[in-house]
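The same chain A turns up in both complexes below, where it pairs with chain B and then with chain C.
The block that comes next holds the complex of A and B.
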């Protein structure tokens, strides 16, 4: 599974970090950091994070 | 034969329900019917990024920038777009379309959402805008030229977002709001006045406590008259005065309560109908997190939350099982970007009778402000302005600790 974030769209809303805290985190400066190839066990949460992104900046690829 | 589920409405709530029906184990056919010509797309950017993107994009390009990705999960869902459902017979389980044959179904999802309320004032039509659809956005983009005189009617969140975007584009922007300071129904008077001062310093002019009495112009809007005799020159009038639920197509079915959206129980079953659920901002349901009074909730998080629960309820019903009786207690949340301010809301601040300021200075919103909202002392909402996103989890989790009212 690949997690791709369109940083041109991302506006650091942080909703992904609530939905999938293992894959996405907001750093101390409020910027997004994420795991681009998370373990398959994270799929449901990663999909949920993509769904709740207000600007739909997250793409999950198989 | 496996049951056929019809989803009426092809926006966020309709899409999420189709996905969740598959997740819940429904294997029969799913048809999603929408009156707009587009596959489901994300509306919040229409008042912000999409409205402000430079260039001259086609409707297709604009749609591509906000379209929801189509998950493999819904690869076999039949999207029928560009045709309105104009009627329904819930006893016979049939839908009537604006054109084409009737559609029979076994289970129905009501996801028809809202449309903008319009000002009922005579005068020219050209130059008057609303903002709900991609086409609305495209038309308005063309009108928001630098130096254009823009009058936004309604200082709710949509009105304020559009005003902020218009200001960024170089327009001269006024907001007319009869009720008082902007967004005061949600923010409360003190914070609302602080936001008004902030926006005024940026250059937005407010006319609060005033109503629009007339719209002037021959072929095209040229000015707006207020009820105190003021006349505001206007090239563009944006009507942001709330929304109406799209439920007319359900009229004539005895037992339904369409007083304000579709009345549902806590599991999102439409009252007075069998195997019918409602989702998104057209659904009026009680949330035991707050009380037992059914309400419609126009927050962005609600379509996904209601979709999940309604899909589980309907799938169980069609399989002849009792739906999961666990109380449905979604935590409403939304955000708003206006100029250099980002609002983040959790819970239902509009229910509050008391606002408590915890952090920050209302005269310096950029530095970050945190307020909690209380009803009879009970915490019912939180609003953060310009707080770091890393704080959101903690703000949201304050609600998961709430005990649902008995």
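The block that comes next holds the complex of A and C.
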């Protein structure tokens, strides 16, 4: 599974970090950091993160 | 109203002064001098970049949790409901609720409601179109916003006046007369709780393919929303979704009447409905400020902000900041940076996909069937700081098929 974030769209709202905290986190500055190839066990949460992103900046592949 | 505070050279605004206008030239001039102003509440942030960063700043929390307590309301059904809001919670308690509630507001589920939104807008417009005029708030914005809520909740659309009435009564809690109004507010809450309880019980007996069922079904591992959390959440949906949508539709009409070429463009190109909503919310948002409070002392761009400071992020001032958007223009076809009309960060509006979807269906239908709308006189407006919009907006137009 690949997690792709379009940084041109991302506004660091952090809804993904709420939906899938293992894959997405907000750092001390409030900026997004994420795991681009997380474990398969994270799939449902990662897809939910993509779904709830207010600016729809997250793409999950394979 | 405008002056220089002794503390530093920053502009100062008394935002409680009835003559203060948050969308005024005075605010825009202050924005050119300084990224922030001092106010009688604390700080006002005026520029796009700073609003964007502070909206999501880890040292700030959502700022309205203490509002009832500041007005002496520390217990009772209203204080309990307010404290239950996902908006007024922080940290893991907030994240848990948000995680459970978010999927019901998913764009995938909302997409299925588009034909209902279109049919509703069409029916309302047909009710007044031939007369060539209407009172836009009571004949369109209000029933549209309330019936969208009824559609979401799966209750008969004919019951929309209950939603409108009780929601407006609860809205009194945002005003300075909150204490005197509390008996009315609590009666309205009780009425809506009865509605919510009935809905929840019904979906527990048998799920449907709808929004309330999605909330009832929502779970993470073995965790799910309790009946109390569900009823509080449904009331927040009603309260948060109705007023804001009604007001934003009225503000959209105001903006388009000032830009008739854009109204004509929208009629010709209904696919611009989504961008029209964004452009209206950028220059004329109903939520004119987003409130934050400093969790601890911190420094931002050389400004020391003390723990407990109230920080108001001025959404219209940021949305029209010439550093980002250039000289003022209203253009529904332009590509713009995001506005702050839905707030942002962890507390980003939960219902924004619904609001975006229902307004982006309504506006092009209005544009197609009501040509050349213009004010007909007799407008009444809410104060323009806080949540604003028209109370009455009589208009005339040329009917079209």
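Here, the second predicted complex is superposed on the first by the 62 of 62 C-alpha atoms of A that agree within 3 Å, B and C clash if a C-alpha of one lies under 4 Å from a C-alpha of the other, contacts with A are read in each partner's own complex, and residues count from 1 in each chain.
By definition in this document, a contact is a pair of C-beta atoms (placed from the backbone, for glycine too) under 8 Å apart; a residue touches a chain by one contact, two chains touch by 3 or more.
All figures in this text were calculated on a predicted structure; none of them were measured in a lab.
Enquirer: Should chain B and chain C be called a clash or a fit once both complexes are overlaid on chain A?
Expert: clash
Enquirer: Could you say whether A:26 touches chain B, chain C, both of them, or neither, answering first, second, both or neither?
Expert: Once the two structures are laid over each other on A, A:26 reaches both partners.
Enquirer: Please indicate which partner A:50 is in contact with in the superposed arrangement: first for chain B, second for chain C, both, or neither.
Expert: The answer is first: A:50 touches chain B but not chain C.
Enquirer: For A:18, decide between first (touching chain B), second (touching chain C), both and neither.
Expert: Once the two structures are laid over each other on A, A:18 reaches both partners.
Enquirer: Taking the superposition as given, does A:35 touch the first partner, chain B, the second, chain C, both, or neither?
Expert: A:35 sits against neither chain B nor chain C.
Enquirer: If you stack the two complexes on chain A, which partner ends up touching A:59: first (chain B), second (chain C), both, or neither?
Expert: It touches chain B, and chain C stays clear.
Enquirer: Once the two structures are fitted together, what part of chain A is touched by chain B and by chain C alike?
Expert: In the superposed arrangement, which is not itself an observed complex, chain A uses residues 11-15, 18, 21, 26, 28, 30, 51-52, 54-56 for both chain B and chain C.
Enquirer: Spell out the residues on chain A that touch chain B in their complex, using ranges where they run on.
Expert: Checking each residue of chain A against chain B gives 11-15, 17-18, 21, 26-28, 30, 47, 50-52, 54-56, 59.
Enquirer: So in the complex, which bits of chain C are touching chain A?
Expert: Result: residues 52-53, 56-58, 95, 98-99, 102-103, 105-108, 338, 342, 344-346, 348, 352 of chain C touch chain A.
Enquirer: What does chain A use to touch chain C in their complex?
Expert: 11-15, 18-19, 21, 26, 28-30, 48, 51-52, 54-56
Enquirer: Looking at the complex, which residues from chain B come into contact with chain A?
Expert: 16, 42, 44-45, 49, 66, 68-69, 71, 300-301, 304, 335, 337, 388-390, 392-393, 396
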